[in-house]
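First, the structure itself, so that you have it in front of you.
Naming follows writing order (A, B, C and D), and every chain is counted from residue 1.
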């Protein structure tokens, strides 16, 4: 079992080498994704050009959930076996996750405005995303409320794990509630048979955002390691 | 682990970036009083909390003899102001007269026994907290500055009870500044810089 | 210190603190009284379940604010942590006493609520059963947040901010029950969900709460 | 080129969506960069 200190000594340079790779991958994949999404992907029969917002909306939604999943893994490792890297990783991820959730909501309402005529509809997906944003804010608030770094990480891990158990239940209850009260949402752009061009654009953007997340998180963790070494 | 209640091996604890102590080892044999001394903020309370298990140290290990149980009394009295001394003690021992005896042995007048604790002075409330030692059969006492805010009479009662406790094999770890008035042979001193 | 003795100890303490214990109940009644003042009488029956549940949610979270704060300040939590009895069973007893002291009075206020909102008695019974099914998991969820925010400044608001998003399913399932009942549909499905959540939180909750307390104390 | 910019009349929504995305991503990078220079400065 690598001693705490050694794992930091190995992680620090490794993260340093990986960072530029993720940074450039983010930029390149982003450019390709935008090109694909804005130029090559055909016009949607129903929504015309407006559906192109999907290429930032949907990847952001995926990222908001993916980052929470990564945070849950970090949280479990922290609770089982105190590891400094997981602690820094968890505390630094919450703000990035919250940003992507916020992006999902803003792009969602920008997309909803031309389609539904209003900026906000209590649609199942948007409502769950809004609750996810509040969960992220709760995690950030708890993390900031505790001065001592190690204790903050442990408290946040406990909250993250409790949150991860609740998120599927939240999704289910919101879906059930909205089907009782709301018309089905229009987010199924082009139904299940999504045009291959659109799909590649989506995947490129998702990959680009993922690389963005890893680039930023490695950078943040290195800063935390350097800060605590002084 | 024969004859030892607690064995501490090379423990270290850093608070934020300040290392309180490192590579600290000692053990607590039967019938002994370990006095932890050191100026304020040197980590006496933290060490007691580490030994009792409230806090976990980053390095080193603490071996407890699993068959025994211990009582921890910290700076705070852990008594509820709305309840009377008897009601506070009944949580630890259901029989009324045992609780009354304990309160008498620590020197709390009978008229205070049934009135809510918020009516008592700080010193009297400290007596109620310490009276638990007359109630429990714990082998090891972990006491954090038990004698501050106590009058001479109560200090003598406490010292007497401590001597009785150590004479039949019990031990104690006490964080305290002033010297303890019991036979020197029993005392082991540990000073934290 | 055994769980049963600790349960009696908590009940007696809450009884002695009855003036503070009554505050969340007053909050509950005051907020409930605001809506009939401002809404036309004909809308009240349809508003009743949502208003009742949201107000109950807020009063319960309000009551949880000093669930552990007091024990942290007077050093009592240390004794709980160090007692030979398992911490999770002690916590379970404390939560049971808390439910009796703070949530039961809300049920006693239900007839008055029924009067204010012109809710027929059978709907009131459905509302009461959804409260009975939903409040245990709500209490335990809030207690986890109370444990995590026990020693912190702004702990009260933090507790609300942490618990409310996670409590939405309880709110939505309960309101689905009352919704279906109002439309004459059978509401067993959401009721089973609430029951399942209550059982899971009753069994896992105290363990998570004790772990959270150890974190906030260490 | 012009028709591309118009986005079939939805230019405002599409470009503001992409604009906000770029802004938020850039802000995150900026905050990390500021933290970074803060730690290495002294």
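One rule holds in what follows: a contact is a pair of C-beta atoms (placed from the backbone, for glycine too) under 8 Å apart; a residue touches a chain by one contact, two chains touch by 3 or more.
These figures come from a predicted structure and were not determined experimentally.
Which chain's C-alpha centroid is most distant from that of subunit C?
Comparing chain centres, D lies farthest from subunit C.
Using the stated contact rule, I'd like to know whether A-C or B-C comes out ahead in C-beta pair count.
A-C
Whose Cα centre is nearest the centre of all Cα atoms in view?
The most central chain here turns out to be C.
How many Å are there between the centre of subunit A and the centre of subunit C, using C-alpha atoms for each centre?
32
Compute the distance, rounded to whole Å, between the mean C-alpha positions of subunit B and subunit D.
Distance between chain centres, rounded to whole Å: 60 Å.
Taking the mean of the CA coordinates per chain, how far is subunit A from subunit B in Å?
50
Distance between subunit B and subunit C based on Cα centroids, please, to the nearest Å.
37
Where in subunit C do residues touch two or more of the other chains?
In subunit C, residues 218 touch at least two other chains, as defined above.
At least two partner chains per residue is the criterion; list those residues in subunit B.
Correct list: empty.
Applying the document's contact rule, which stretches of subunit C touch subunit B when the two form their complex?
Result: residues 1, 5-6, 9, 12-13, 16-17, 73-76, 78-79, 81-82, 84, 217-218 of subunit C touch subunit B.
Write out the stretch or stretches of subunit A touching subunit D in their complex.
34, 38-39, 43, 48-50, 52-53, 56-57, 60, 95-96, 99, 102-103, 106-107, 110-111, 113-114, 212, 216, 219-220, 223, 226-227
Provide the residue numbers of subunit D that touch subunit A in the complex, in ascending order.
Counting only subunit D, the residues touching subunit A are 4, 7-10, 13-14, 16-18, 20-21, 24-25, 27-29, 31-32, 35-36, 39-40.
Can you list the subunit A residues touching subunit C in their complex?
Touching subunit C: residues 79, 131-132, 134-135, 137-138, 141-142, 145-146, 151, 154-155, 158-159, 162-163, 166, 169-170, 172-174, 176-177, 180 of subunit A.
Taking the complex as given, what residues does subunit B use to touch subunit C?
Against subunit C, the touching part of subunit B is residues 52-56, 69-70, 72, 74-83, 87, 90-92, 94, 116.
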